[in-house]
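Each of the next two complexes has chain A plus one other chain: chain B in the first, chain C in the second.
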Partner chain A sequence: MEEKILTRGFDIKNLFEIDVYLQHGGYKAVENALLGMTPSAVLEEVKKANLRGRGGAGFPAGVKWSFVPQKAETPKYLCVNADEGEPGTFKDRYIMSHNPHLLLEGTIIASYAVGIHLALIYIRGEYEAIARRLENAIADACERGYLGKNILGTGFGLDVIVHRGAGAYICGEETALLESIEGKRPYPRLKPPFPASVGLFQNPTVINNVETLANVPLIILNGAQWFVKKGLPKDGGTRIFGVSGMVKKPGIYELPVGTSLRKIIFEYAGGMRKGKKLKAVIPGGMSAPVLTADEIDLAMDCDSLAGANSMLGSAAIIVIDQETPIFEVLKTVTKFYSHESCGQCTPCRIGTSWIHKIVERIGQGDGEEDDIDAIIRLASNILGKTLCPLGDAAALPILSLCRKFRGELEERLPR
Partner chain B sequence: MVKVYIDDKAVEIDEGLNVLRAAKANGIFIPHYCYHPAFAPEGSCRMCLVEIEGQSKLELACSTIVKEGLNIRTRSPKVIEARKAVLEFYLAEHPLDCPICDKSGECLLQDYYEQFGLFNSQFKDNKEKKEKRVKIGRNLLLDRERCILCTRCVRFLNLVTGTGDAGIINRGLHAEISIYEADLIDNNYAGNLVDLCPVGAITDTDFRFKTRVWFLEKKESICPLCSRGCNIYIDFHPGFPRVKMSRRVYRIRPRENENINQYWICDFGRYNYAYLDEQRHHKILMERTGHSLGLSWDKARPMLSEKIKGLVNLKKSSRVAVILNTRLTNEELFLVDRIFQKELHLENIFVANPQPGKDDGFLLTEERTPNRRGLAEIGLPALAPDLKTLAEKTDFLLIFGSDLTESSSLDAIKAAFDKIRTKVLLTTHSSSLDSVVDIIIPTPVIAEKSGSLTNVEGRVQEFSPALEFRGDGLPEWQLLLDIAKELKINHKYFWSLDSPESIRRQMAKEIPFFNR
Partner chain C sequence: MSPEYSGKLRKKIDEIVTRYPKKDAALLPVLHLVQNEVGFISPEEEKLVAQALGIKPMRVREVVSFYTMISSQPLGRYHIQVCSNLSCHLDGSDQLIDYLKRKLGIGVGETTADKKFTLSTVECLGACEQAPCMMVNFEYYGQLDEARIDQILDRLI
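Up next is the complex of A and B:
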């Protein structure tokens, strides 16, 4: 088994309690950063670590932080994206429920680096128990002086608020998330301006995924070089792979960035269930283009997957076996996106539902000869024309399913 | 100024402009639904995608600001394909009920399909069923099947009226515009939503099903119903020459003027257009012991002039009185001043206007005539008519407009008028005042004549006739000039004037305010 860094303490009983956390060296990273480093030194360290965003886009976190103006007249905010809406993804909930203080440490250090005094954790509404656990952790941290007006006597202050989402996939899109916090309909914003300059309540805002921030204390404690060595030079650290589907041992696996997909499925996740054969893998959450059984000899890092015309996304691996009809996969995908399209822009609003109507019709046995071509044409017409990434997130998996499994899908059409 | 290339043509563009407006300024139209120059770019309709060199994806023309050296392609194959693709999505779920849609003929879905679409429908599935007539305002109906969710209406209500009456409910394909609870959109600018809607989603019950837009002629004019001077279009059916159907105005719409009304007009100005066609005077009438007699201007002109001349010759010109109103143009008020004040030295020049209304805090002013400021700048007094003085000191009374009854009862007017030998009424509409005067001369409304008006902020706006004046009468400026020439006062001065333009030139020479 590879060395765990992020999930190392997950088997410690009651790690979510601050006393237990402190017994195991908790808040050492905050102390190191706030007492021993300047904000810019923290920023540099995270930059050097090549910590890439764990939410899906894979944008380097340190670079993102550096876009926020250092000297701003207005307040700056940190939003922790804990919406975890990408189907197949279930890593952040583990981090938050097992080790909420690690996330808080990351939040404090990031805020210190950028000069932020209010952080909001936007957590999906379904995670109510976890939200309460986070709130307890925040209260405890305040009591011990790790949060509040004057952290560790440094004069640096930070408040953290837990904001519960109201249940839409689109809220995981960073600008929709901001709108949602502002109490508005979660419509993604037009970019530019980017949140780093005009974000929450029009102020500079950093938005990071839970796992991204949870890695920050590790970088501070062990140094950027150590972190890079845990992964790849341009993509440091480990990833928490959430494996689901027809494997023997579904679950989360923390492994170095760049671990082979085949190894993850066949070694760590125990291989296929009950002698079933692998047909396809969705490697990075539902919006990642599907890979066939022949394409899984791949290193799981942002660049390698982009090279294979897919994406690492949230590193949620969905394993599909030979007995699962690809048509059902396609139907699940189209149903999801037509249901979750926010409706703001037309190609996505009409496109996803149009495709889903065709798929439903095929399912009812009323398919027509050119339906697969029609789906490909429509998905291509959505691609690159929508306001936010949801359009592409819908079009890409649909296109890959139709192109790579065309033969199987056409069996559903009348001859 | 920055230099950019639009479709390989180098052009100079004002800094800060978006690509959409930059292209428009150079005669290149980029289709769009959600963008409106009154609001910040929304970017949701995806119709204005253009190719910008160096960008891998197509970019929005509405939200891309021009930069030095930008190379923009609005007609490349990629752009043409993208427009078609996006338009296809719009039309897929559209009910295509153009034959019964009021917007038909001026609908941007139709227009863009003609210009950029022309594909065959590939949609084989069932379209969403939605509500087709939701009352959202006093005169507003919403058709949710036709709605393309551009949110122009929502933004108007948030940003212009600030009333925030509407929003979007539900998600994805089920998203729709809605008002909250049952509170109807109730403000003096709600009618603008109909013009703002690029498709037939919001229609006006005042206009609905009455005509088709392609039967209408559209002419420019200025709204005379308050002193703001909003720029408008008058949409009317010209009538048929051989059929008994005369001209009819169907609607008033705002005409862009960034200095005055931007893109909007108030509902007061929008819906009160019936006066243009109804209760109009057409014939010059003379009251003769119980019955009225039709008369031509050629006959009436010497008659009126003789009466005035008679008094002037007897050195009794002070027995002539005039009641004005400020619906008269700058040119007409100027002539009144020159003839009656400067030449004849009348003592009794009054102004009878409609009662002031309520200022609505945006465009509609308290003053309900269009040229009160003009009167002040020309230097005419704004005295309210004094019936007692009139009765005692007047032999000849020239009345412009029928608003006298607003401030005095008809009985009181009649009692005073009985003592005045000749009462001449120049008016656009029939009213109770008709019964107490001797001669009625029909005059055109603002929409039917030429001239200029000075709005409440002192902006002088010229206008030409939008509608034809169909009466035996004549515009007041012409009548005043005719009388001046007939009276042979200051011959040289008045004979040089023959049109509102020439009067305006003279006015500019004499009054610095108009010399701009």
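Up next is the complex of A and C:
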């Protein structure tokens, strides 16, 4: 069954306006946390909820927060990752446009727990209208005393800045995002040190995805136990699955973590369009290795997907039908990564563009017998040899397409 | 750029700079502002921005040349950006791009002679449930077909 805890209220008219939000119990979580809990109690509650990151990596949010030194001489920052560049992903757009105050509540509570006084929402440049909506929400929240100095008379203060990106996939990678905010070319940093100790302007920094933070008020209002029960013991809550491609009803579906992929496609998203047959599924955004039609009896949680050699990523499901040549999928994937590789690491910069050139050549009818092997060799040489996960994110889906659909791809090559 | 105009722009830039704990962080928002006002970022604007932030023009160039949404060339009054990523591709974005090329008489990356339209393809716009989709300036349009494109473009003056 659909489990609307995060998206509950999305059908309330003008929920993005603070008065409407307050009429529906808005800012109650902030009041509960700031007036009734110590920062460490908030942190413990989020830890117990096993809230895993919704951006892609699935790292437990509470654990991430606890890495930030409690007593720091320097300022600490929160960066909200609203870059949403992973192809297939559009859930954060829904959260921010329908319920910006829920994100702000999560931002305030997270900052309170970690002792942060400046948060930056890094939003992809294309979401210009949503950035304006967030700015209005921030201004309204300041006016009502939920942001700014001395929130609710507690002495705790927080400012929030909306910072627009400018069209670069790499900025969704957390250290590239930091470089981007610092006004530099967004080249990812070598880790460690991790942003929790050396982040924005070399200061301790928490970076959380929009959906991750939007869950925090729900945990505060209902408790960690409740949240865990909505999902799985080690992976609490719901996920907003974004389904696109050849299904009857593309859109977002908020479901318990661990819902079956088959069910999501064939029940919630209405099944295949116009009697089309399922060929393949990308289960977690373009970076996730592809699954074939007979691999979809899978629970959609971080660990189950990892067990199937893919990943839950941003829970963006792209459904591919039998009539679509896998070669077209491969071409789109390789075009994307060769365009979006930031160019810092040679294996990724050269590898993605070589692979794409080979694929283009095959497309023009000039394929060579051993091209698939060449692509596999090049992709394997990117894997594990780059500073940031973009290299692996490019190599893994390419390798999965070549290995699982080799026969079909080789039909394009001379025998 | 007239000195009077650049003075006004400089004021707006300085206002953005005050929001940030470090000046450098204002670079991207300032570039958005200047591009919005001037239309594109030429070496002249790079210099203005560099001066306002107290950094070298080369630092500005490094950033301008990286991001697809910051243009160092003038664009048409309406910038049409069609998504060519997977979900849109599955739903026929290729055919729509061909249709737009024929309709506007230009290739991808080109601007019409009357400077009204620039046509680009872009990677995922984050609106995959509305595939195929495009942006015209900052306006999103989804579930496109040729008739809907006609309807959208005919309304633009």
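Keep this in mind: the second predicted complex is superposed on the first by the 414 of 415 C-alpha atoms of A that agree within 3 Å, B and C clash if a C-alpha of one lies under 4 Å from a C-alpha of the other, contacts with A are read in each partner's own complex, and residues count from 1 in each chain.
The working rule: a residue touches a chain if its C-beta (ideal position, glycine included) is under 8 Å from a C-beta of that chain, and two chains touch if they have at least 3 such contacts.
Predicted model only: the values in this text are computed from it and were never measured.
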Chain B versus chain C as contact partner of A:385, first or second or both or neither: first
Touching partner for A:357 - first (chain B), second (chain C), both, neither: first
Winner by number of chain A residues touched, once chain B and chain C are compared: C
Partner chain(s) touched by A:397 [first = chain B, second = chain C, both, neither]: neither
First, second, both or neither for A:185, with chain B first and chain C second: both
Which superposed partner A:58 touches (first chain B, second chain C, both, neither): neither
Partner chain(s) touched by A:106 [first = chain B, second = chain C, both, neither]: neither
Touching partner for A:340 - first (chain B), second (chain C), both, neither: both
Partner chain in contact with A:199 - chain B first, chain C second, else both or neither: neither
Which superposed partner A:236 touches (first chain B, second chain C, both, neither): neither
Those residues of chain A which chain B touches in one complex and chain C touches in the other: 168, 185, 339-340, 342
Residue numbers on chain C that touch chain A, as the complex places them: 19-22, 24-29, 31-32, 53, 55, 59, 62-63, 66-70, 84-87, 89-90, 122-131, 135, 138
Sites on chain A touched by chain B in the complex: 168, 185, 187, 190, 338-347, 349-354, 357-358, 361, 368, 374, 377, 381, 384-387
List of chain B residues in touch with chain A within their complex: 41-46, 49, 57-58, 60, 63, 82, 85-86, 88-90, 92-93, 122-126, 148-149, 167-168, 170-175
Residues of chain A defined as touching chain C within the complex: 75, 84-90, 92-93, 118, 124-129, 161, 163-169, 180-186, 201, 242-246, 250-252, 282, 286, 316, 318, 320-321, 324, 328-329, 332-333, 335-336, 339-340, 342
